[in-house]
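Listed below are the structures to be examined.
Heads up, the next two complexes both have subunit A, just with different partners, subunit B and then subunit C.
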Partner chain A sequence: MNLTQQLVNGLVLGHAYALIAIGWTVLLGVARLVNFGHGQMYMLGAFVTWYSVSRLGLPYVVAVPVAMLAGVAIGYVMQRVMLQLTLRQDLVSIMIVTLGFGYVLHGAAGLVFGSTGQILETPLSVIDIYWGDLWFTWQDVAIIIVAILFFALLKFVIERTGIGRTARMVAEDPALALLAGIDVKKVYLGVFAFEGAAVALAAAMVAPRTPILTSMGFDEVIVTFVVVVLGGIGSITGSYLAGLALGLFTAFFGALVSPAYTTAAAFAVLIAVLVLRPGGFAAAPGSR
Partner chain B sequence: MSTILEARDLVVGYGGNRALALPHLSVGRGELVGVVGANGAGKSTLVNSLLGWSRGRPRITGRVSLGGEDVSRLPSFERVRKGLLLIPEGKLVFGTMSVEDNLLAVGTGALGQGRRAYTVDEIYDLFPRLKERRGHLGGQLSGGERQMLGIARALRLGPSALLLDEPSIGLAPRLVSTVLATVKQLAASGLAVLLVEQNVRAAIEVVDRLVLLERGSIVTEGPAAAMRDDPRIAEAYLGAHAA
Partner chain C sequence: MQPALRLGLIIGSAVLGLFLPFLLGGTPAIYSAAVLIAIFAVMAYGLDTIVSDLGEVSLAHTVFFAIGAYATALLSTGLGIGPLATLAGTIVAALLAAGVLGLVTLRLREFVFSLVTYAVAVVAITVAANWSFLGGSDGLRGIPAFELFGYEAQGDARLWPVAYALLLVTLYLMRSFRRSRLGLAAIMVHLNPRLATMSGIDPQKTRLQVFLFSAPITASAGWLYAYQRAYVSADLLETYFLILMLTAVVLIGRRVLLGPLIGVAIVQIQEKFFSFGGYVDKIILGSVLILVLAYLPGGLVGLFQALREAGRRVRERDEPVIPAHTQTECTRKAGP
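Let's turn to the complex of A and B:
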């Protein structure tokens, strides 16, 4: 076994996981909401990118923002439908509604794109790089760069800008935010739209690594769940580190033990972390 | 004195219980009106309902106007943007944000005539203590500093009317005087101020007019000087015995 190759695989996977999870991190951190349709939104992002490139002939760099716009629209509509549940923080109903939304997206995608697996090929995914014994593609490099830039930008926006301050106010106390003249409903809509865009970006970047199917999405929700909880609910830095840790763990566990048990092993780690450190890695209050 | 804040036929209920029934209440420009009463009299319900704001789910009917404009149908944040500011009892700052971020994070609308939003520097001139603590988290502040920050954030939004819910609660007597003196000063600068206060002895020293609430209704009201001799105030709240 080539350990350095596993390290590379782990780094790429880790950044992919972090990127897939970031929308949910913000959703949980700001709106205290969950979205179990997250995986299907990822699937749809992948298919919109694929359709834009393969059927419409759009360049990949144009297809990515197209997929993000579709994500924004889906996120907005989803939140619009369940806004009253959000304002009441009715988490059980929200879980069921988002789960149902996921199945609707799954069915709709099957109707539109068919049930056949597709390959999302991009100009970067077809160029292999050999470096000594190591192998990776330019798509892998792009995933790492985009993930780092996206996390850095998000951290800057949340900590240093007016939008970020508004998001933090709503995250801490939506009722008190109203007294500061904040339109909390608009913030909730914006956060869901952001989640849609973020997961679509993740799909457009990560999906070219594997064949895409309209039935996918479950693994992505599980990965997101593990990353968000390990990272500490709502913590951007925590999510990045947790994604990276999960990627490295998956790569090495798969190589050293068996890829078949990586999800089970990841959950065992999650349970251990939650028991020993209930707030996740970033347990400090208010950590970002 | 022109009326800035006015409520008519304000009725608030929680479930089937009526918490407040107020035929009329007004506060003029530059006027400081105190609302006093025992626990559960409806004082907080009154100020919260003027803004249409609550952590519960009350049913509110009646008319609230600000500067002559009916704001009854507007959501709370819109009333805030129009200049009706509430500094609630209890949690009034964002504990995980710095003092400066608490001051910067406000959603302002277009400022109407006669309204002025304080800049952060002006806030620091008014409350030098907040300048010293600008980098500290809201949750690290003392009770008095939180009151200052709550008032300061309201001033950042350019208020025309200010509603304060028990600003003296939990404060040392010296700080109570300081906070109430600041409130008096703000009213003198032209704001309409409605002050809910359980500390009647302190409140009566600064307010122009006093309203006594009991079981959700106004029992009596009048100029502070006259109310000092009202037996219902003197006996129950000032510890004096009516002649």
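Let's turn to the complex of A and C:
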């Protein structure tokens, strides 16, 4: 086994994981919301990208924003339907509703795209780079660059701008924010639309690495859980580092032990973190 | 109602239920649907205790369902033992799994609890599909027909009395649970944890006990499902079963004894007799779940009560106003 190659794989996977999880991180950290349909939204983002590129003949750079727009629409509709539950902070019902949305998306995607697997090819994913005895594609490079840019931009927006301040205030105390004249509903809708866009971006970037199926999305959910928990709930920098750590862990676990059980191993990490560091959940809402 | 009359009514409707598939035509399709409704209802009752009584959402109940089915398949094909022994094995396996999961998640609440249980369910799929001991992606085949005391249940019509008996036992257990100390403690922990602690109830112990009560019920549904299908595979862990359970639990209303049964029956009848194809059925089932939770938090029972309340208000508006104290007296007289 080539250690350096696994290191490269791990870095790429790590940035991919961080990107997949960022929507959830913001959802949870900024709005105290959860989305169990996250994996199916990832699946749909991948298929919208694939459809735009291979059926509509759009260039990849156009297909990515198209997928993100679809994500925004789905996120908005989801939050619109469960707005009353959100305002009541009924997390138990929100979880089940988002799970139901994931199921509906799965059925709808099967209806539209069929059940056969597809390959999402982008201009970047077909060019291999050989560097010494290392191998990767331009798509991998793009994943790393996009992830870093996206995280930097997000950190800036949340910490330094008025939008970020408003969102953090709503997370901290929705009632007080309402009193201060902030349209809480708009913030919740916006955060969910952002979650949709972020996961669609991740799908458009990461899905070309593997064949895509309408039944996929479960591994992505586990990855997201681990990243969010490991990073300390809602922390943007924490999520980035957690994604990276999980990526490296997965790459080496897959190479050294068994590629079939990487999801199970990631879950074992999740349990270990929960048992060893239950305080990770105590992170204050809106904290960074 | 007189207790004797009440008992007679219950026994009467229980006997009527046994002959219901026959009365509805007795075709193989009807018996098949009836057996599946009974099995899936039992599966949903296990989750019902967690969602309705304990107020948490376990997304790992498909795992208990699969544990029951896999334990039955392994024991009946490997050791060649009969249904009673496989049922015992199922219950032991479910208790072990629930004990481990319950202890790990003891301190977790709300969405973190659900997150971990969901992760358990997703990981269980990969394990079941890859582990050769469990047959890998092929699953386990060759489960013998259900045979107990010389009664061989080959086919759904013969299996129906067994499934119906399992359903009745489950209904009895659920009713007893809700009247038991544990059931009352669960509700108290759910609605007012502080009061529960002050009354000497240990919330964590209660949670664990309810978990241990709930898992074997769902697993016993898996036990009978293994005999019904004659093979088991990783598709037992599909989200379908989870969504079906959740929908059945919330559709009619929480803590309504027959709620999950009626919920499962509605979904199964739609899928078996009024199906629009697999994908559309998925969209329908998911949408029902979403709409009930988002717009009918009390389920159909809650909707019915709200409508009745609205009707009463409309009537009251037309009638002359009765002074408040006489009104209370009237209701007191009308009450039991």
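By definition in this document, the second predicted complex is superposed on the first by the 279 of 288 C-alpha atoms of A that agree within 3 Å, B and C clash if a C-alpha of one lies under 4 Å from a C-alpha of the other, contacts with A are read in each partner's own complex, and residues count from 1 in each chain.
Definition applied: a residue touches a chain if its C-beta (ideal position, glycine included) is under 8 Å from a C-beta of that chain, and two chains touch if they have at least 3 such contacts.
Note that the structure is a prediction, hence the values are computed from the model and not measured.
Superimposing the complexes on subunit A yields a three-chain arrangement in which subunit B and subunit C fit side by side. Ranking subunit B and subunit C by residues of subunit A touched puts C first. Touch criterion not met for A:Val269: it reaches neither subunit B nor subunit C. When both complexes are overlaid on chain A, the residue A:Arg168 reaches subunit B alone and has no touch with subunit C. Contacts of A:Val81 after superposition: subunit C is touched, whereas subunit B is not reached. In the superposition on chain A, A:Leu111 makes contact with subunit C only, not with subunit B.
Annotation: superposed on chain A, subunit B and subunit C show a minimal Cα-Cα gap of 14 Å. Residues common to the contacts of subunit A with subunit B and with subunit C across the two structures: none. Residues 34, 36, 81-82, 84-85, 91-93, 95-97, 99-104, 106-108, 110-111, 218-219, 221-222, 225, 229, 260-261, 263-264, 267, 270-271, 274-275, 278, 281 of subunit A are the ones that touch subunit C when the two sit in their complex. Partner subunit A is touched in their complex by these residues of subunit C: 55-57, 59, 104, 107-108, 110-112, 114-116, 118-120, 122-123, 125-127, 130, 239, 242-243, 246, 250, 278-283, 285-287, 289-290, 293-294, 297. On the side of subunit A, the complex with subunit B involves touching residues 162, 165-166, 168-169, 172-173, 175-176, 178-184, 285-286. Residues 51, 53, 55, 75-77, 80-81, 85-88, 91-92, 94-97, 101, 104-109, 137, 153, 157 of subunit B touch subunit A in their complex.
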